[in-house]
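Shown next, in structure tokens, is the structure this report addresses.
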């Protein structure tokens, strides 16, 4: 029998009780331990849990786990304490964000300031005289995370597999020379010899680039062989092999990372990684890295939830995925969240660039975009200060579209001068002059709305492709500012948002008129497209297609575009790196004087890094985060980050306060290498 | 929809005895026609009258948004971003003055680089009626720049957004889309639903079976997910207006089923009534019977259901645009405005942007009042 | 009764088939496919030629190079084995992805349904019995408010406010400590309840408001009937009259409406989960639609429709049980 009246009263109580419970509950959940073990102190040469395993006989002693000559990592503040759990956020289950931080185990590494390469799992490498042979010497004694030795066999296995048709790995573009595969020889366990059909000086740079290359060529042969249908007849094809080879899904796959994948929980929303007991890096005191026991990557797709998680202090350290526009919020929340906000340098040019399609589909627009004066007028109508103000809070540098200022092509005095000229070219905001330019090229007719008419009598209408509204960050604002500026020239500029797949497709196929791109590259040898039109990207998709298909499809280059392409051919053949830099500079000069294929608005915005106050050894000065290729912040050695016990003082600040000589700095950029050799 | 629901639906809105629909006088109800009776009962509810008044006013204002809004919805001002709602002052050094606003001075916080605004008391601008502001074209034809109210100084009744666009104006312009999407969608639903319902009930046979199955099929889909899937399928190349119509069609797609069912029920019960048979015997064609006899009977039903579905459509458009699947910029709607407000930064630092929720609430409540009262008024058996 | 149920189940099968076709077609209407995104990413990383080759290999593997009817058959034929295809973005089996989220989806939906009815019925009764007094007016006002506020907005505001006031972020379904814990404990259940009340209240808001009004209206109707007058005349207490006699009849239409509320609740759960980052099926659906992750999106739509059909059937059975007048053939 239902007693409504009573239940009515009871039912009002229930929500109230729940509310009260939750309020009490809210105050009390125990916080996870982020504090290191008491005996993780500076005397320990290895992490206490590992030491315990060694004592129990379950793990080989430290000396046997490390290579003969481990990689020594300088400490930014001081050698650290063992222990702790680092919670961070990723925006994709493929752990791309994590790999940018700790999934970087190449044979040669980019230096943190992007000035060149330094040894990674390889000790040294050298070319022969004409660049057709590269010899890599691996460190002796590096072990995979399961204790098996890492040798040249693993790399050879990878190379052999890339030739195999029926599985997912393919030969990367950098391994091909003049269209032919490289030949891999392994004279002994620690030596790899790569032979090319012609001079190919870029291989070490490519091997060091990004996390993806090394993730591919570091293949644990001893583990994967058991799934290889050629070796194990139980498997008919490579489908199981491919699945087992996915480094971010398979915890059983041995790795060279500092933390190895242990578990994927919560339906793919949480990835837990644990210390790799065989990691090959040590700190200046010879203690094995990493200090931190465990990393928890939370997959958080919604940007607003990420904001809240950061504000509440749930995240120990977050590099990337922190929106500059929320700076005020983060600064306000520092006390309650117990974190500090560090500004690194995004070190990217072209934030945002407006790509002017060299091969626009509409012939009238195409003809106009190929006129230098038209492009110049478009550039002069961009109010870069306003773009900087709105999109980057005035914290970036208004300039033309370039690659990173920090790129090693421009570090000599001459290089700096050439870069500055590039960055400043046609950046004035001058509407009257721009209007005059348009009059000069004959666009003098206008219709009743004041919009100019083209030579064929149609309205001068230009469509700006923009990414979907929800994902657009600063680009959305800048697109509006730019279109408003162009409207003042009598151009009917329309901004259109496309869904992401469509947006990239239009860029790739060259179907757009004006599109946008942020974050230009750092190194032109590995990613030439920004300056040399050889890829199906940016403003030169169809030209790039011509290059890739050797003239079968796409559009043939001519004039200034052809000059750039010829210069690139010279770069590929250039042995002397200084001369190669000079060729790049020459190309940049062409862009400065006759280019303007992409119009830039600003560059080098700061990027926010949010770090809990107990989380240390994170560089506090603006390090380069950069585009993904130079692998920041992995190049700043996150293995050496640690959790400080309460009351710990940083010797760094301490030293500065007492004006004693500062701690040893991380290695400064050495003089540019004269040969393409390392170490 | 299940069989039980069908049963349940009927007692919700009591069947209107069709004798009352006849235009001629009905003795025991005095000399008033049915429509007049309904109006009388409707009038009794003050809430409904208020609601109806608000709705009519809103529709009128948004129709002529160009005139009523102080600014154009796209006018941006990068120097006036995230400005809080303007204070309207009437006192100047102790004396009463015609309402005015002060100019704004911006201060940049050196650490956060955020702009904050203070009144610049040195410069005051009166608020003028019939202000000459942003230009516009009335229905794309005649040009004008007359605005009901405005000022030479900053006149942001609801503050500005991240591009310095006046939120109040954007709400008025957004209302055009949000308010009409519901109407057009419901209109489509009605046409589709009543037509198919009548055909289904009157003709019977295989047409009936097919239509019933289709209705069942559609009702087995969860609403929002289906809307999401359809909205995601709208071609990317479509213009704002095409997307708008696409969205209304999508919204109406799931609505006509219920209406069709009920109309069909009614038709079924009266199909064989005497007067229908008489009309057929007298030589009336099928179409004549449908339009002259069956359809009018359903009018009140239709209107009530329509009024009650509109809020659902408005909220549906809001949800879709909020998810990024609905109206696309530069067109704006209340859903788009709400999506722009859906940020932690906004809730904590720029809360005035949340005012965009207000018109949605007001309109939905108003429609509910009106619909409720209509239903009560049309039902002769209610207490 | 049994025949009725069997008939309904049999009828559901062609319905589901038709739904699967429709869903599959709709999802692929946008131009391009998921791999276009992936290719763009691959190109950035590997350079062109190899990325094209990889993309082609992937296309072949996923069967994206086949015509639509073939893909559909490929998808559907896996159902028998329990294979619903693979998600492109997550690179995992669809059934695993959905299974992990299904639990919470059902929990939230049913929780909201129960909460809605538990709140709406008593409040509706109160409102009807105190017609036009201040209690009724207040409830009426709140009802209208509840029916018209967009849920996602309320959700974000509540979450931010709770954070501001209590310093605790209240999204997701667990606080970080319990999230890290594997396996269940009473404390973890308590933590779950802690976090559940916000989503349930927000999802139910709409329903409670509407249902309460309906209950009120129904009860008022019933209270006007002759038999109520008889009961009063017999000398029964008012509360007995209202509860034992009138309310029981007034509730019937509401029970039948349970089936109708299900789509709304499922939709509400979807939108709210997207805002509040809840591990349910909703955010998965949105992502998969935007990605054109066709097997995932299609299967989710199918499952949601299945839930609806089951829910309707249960509602009809409940109604038959509650109202002795109703008989199914």
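A, B and C label the chains in the order they appear, each numbered from 1.
As a working rule, a residue touches a chain if its C-beta (ideal position, glycine included) is under 8 Å from a C-beta of that chain, and two chains touch if they have at least 3 such contacts.
Owing to the predicted nature of the structure, the values given are computational and were not obtained by experimental measurement.
Asks: By that same contact rule, can you tell me which chains touch subunit A and subunit C alike?
Replies: Under the touch definition, subunit A and subunit C have B as mutual neighbours.
Asks: Weigh A-B against B-C on C-beta contact pairs and write down the one with more.
Replies: So, comparing the two chain pairs, more contacts are at B-C.
Asks: Take the average of all CA coordinates in subunit A, do the same for subunit C, and state the distance between these two points in whole angstrom.
Replies: Here subunit A and subunit C have centroids separated by 39 Å.
Asks: Rounded to the nearest whole Å, what is the centre-to-centre distance of subunit A and subunit B, using the mean of the C-alpha atoms as each centre?
Replies: Using C-alpha averages as centres, the distance is 46 Å.
Asks: Counting in whole Å, what is the centre-to-centre distance of subunit B and subunit C, each centre being its mean C-alpha position?
Replies: Going by mean C-alpha positions, subunit B sits 25 Å from subunit C.
Asks: Spell out, as numbers or ranges, the residues of subunit A touching 2 or more other chains.
Replies: 304, 308, 311, 499, 502
Asks: Give me the residues of subunit C that touch two or more other chains.
Replies: Only 30-31, 156, 160, 274-275, 290 qualify.
Asks: Quick check on subunit B: which residues sit in contact with 2+ other chains?
Replies: 232, 236, 342, 344, 348
Asks: Within the complex, which stretch of subunit C touches subunit A?
Replies: Answer in residue numbers: 30-34, 36-37, 39-40, 43-50, 53-54, 57-58, 61, 89-92, 97, 100-101, 118-119, 121-123, 125-126, 156, 159-160, 162-163, 166-172, 175-180, 182, 190-191, 193-194, 197, 201, 239, 242-244, 247-248, 274-277, 279, 283, 287, 290-292.
Asks: Mind pulling up the subunit A residues that touch subunit C in the complex?
Replies: It comes out as residues 1-5, 7-8, 11-12, 14-15, 18-19, 21-23, 25-27, 29-32, 87, 93-94, 168, 170-174, 176, 210, 212-213, 239, 246, 249, 265-270, 296, 300-302, 304-305, 308-309, 311-312, 314, 336, 499-502, 504-505, 508, 535-537, 544, 548, 628.
Asks: Would you mind writing out the residues of subunit A in touch with subunit B in their complex?
Replies: 304, 307-308, 311, 325-329, 331-332, 386, 389-390, 393-395, 468-470, 477, 480-481, 484, 495, 497-499, 502
Asks: Going by the contact rule set out above, which residues of subunit C touch subunit B in the complex?
Replies: Spelled out, the residues of subunit C in touch with subunit B are 15, 18-19, 22-23, 26-27, 29-31, 144-145, 147-150, 152-153, 156-157, 160, 164, 213-214, 220-221, 223-224, 252-253, 256-257, 259-260, 263-264, 266-268, 270-271, 274-275, 285-286, 289-290, 297, 300-301, 304-305, 307-309, 312-313, 315-316, 319-320, 326, 328.
Asks: Which subunit B residues qualify as touching subunit C in the complex?
Replies: Touching subunit C: residues 1-5, 7-8, 11-12, 216-217, 219-226, 228-230, 232-233, 235-236, 311, 315, 318-319, 322-323, 325, 338, 341-342, 344, 347-348, 354, 357, 360-365, 368-369, 372, 381-383 of subunit B.
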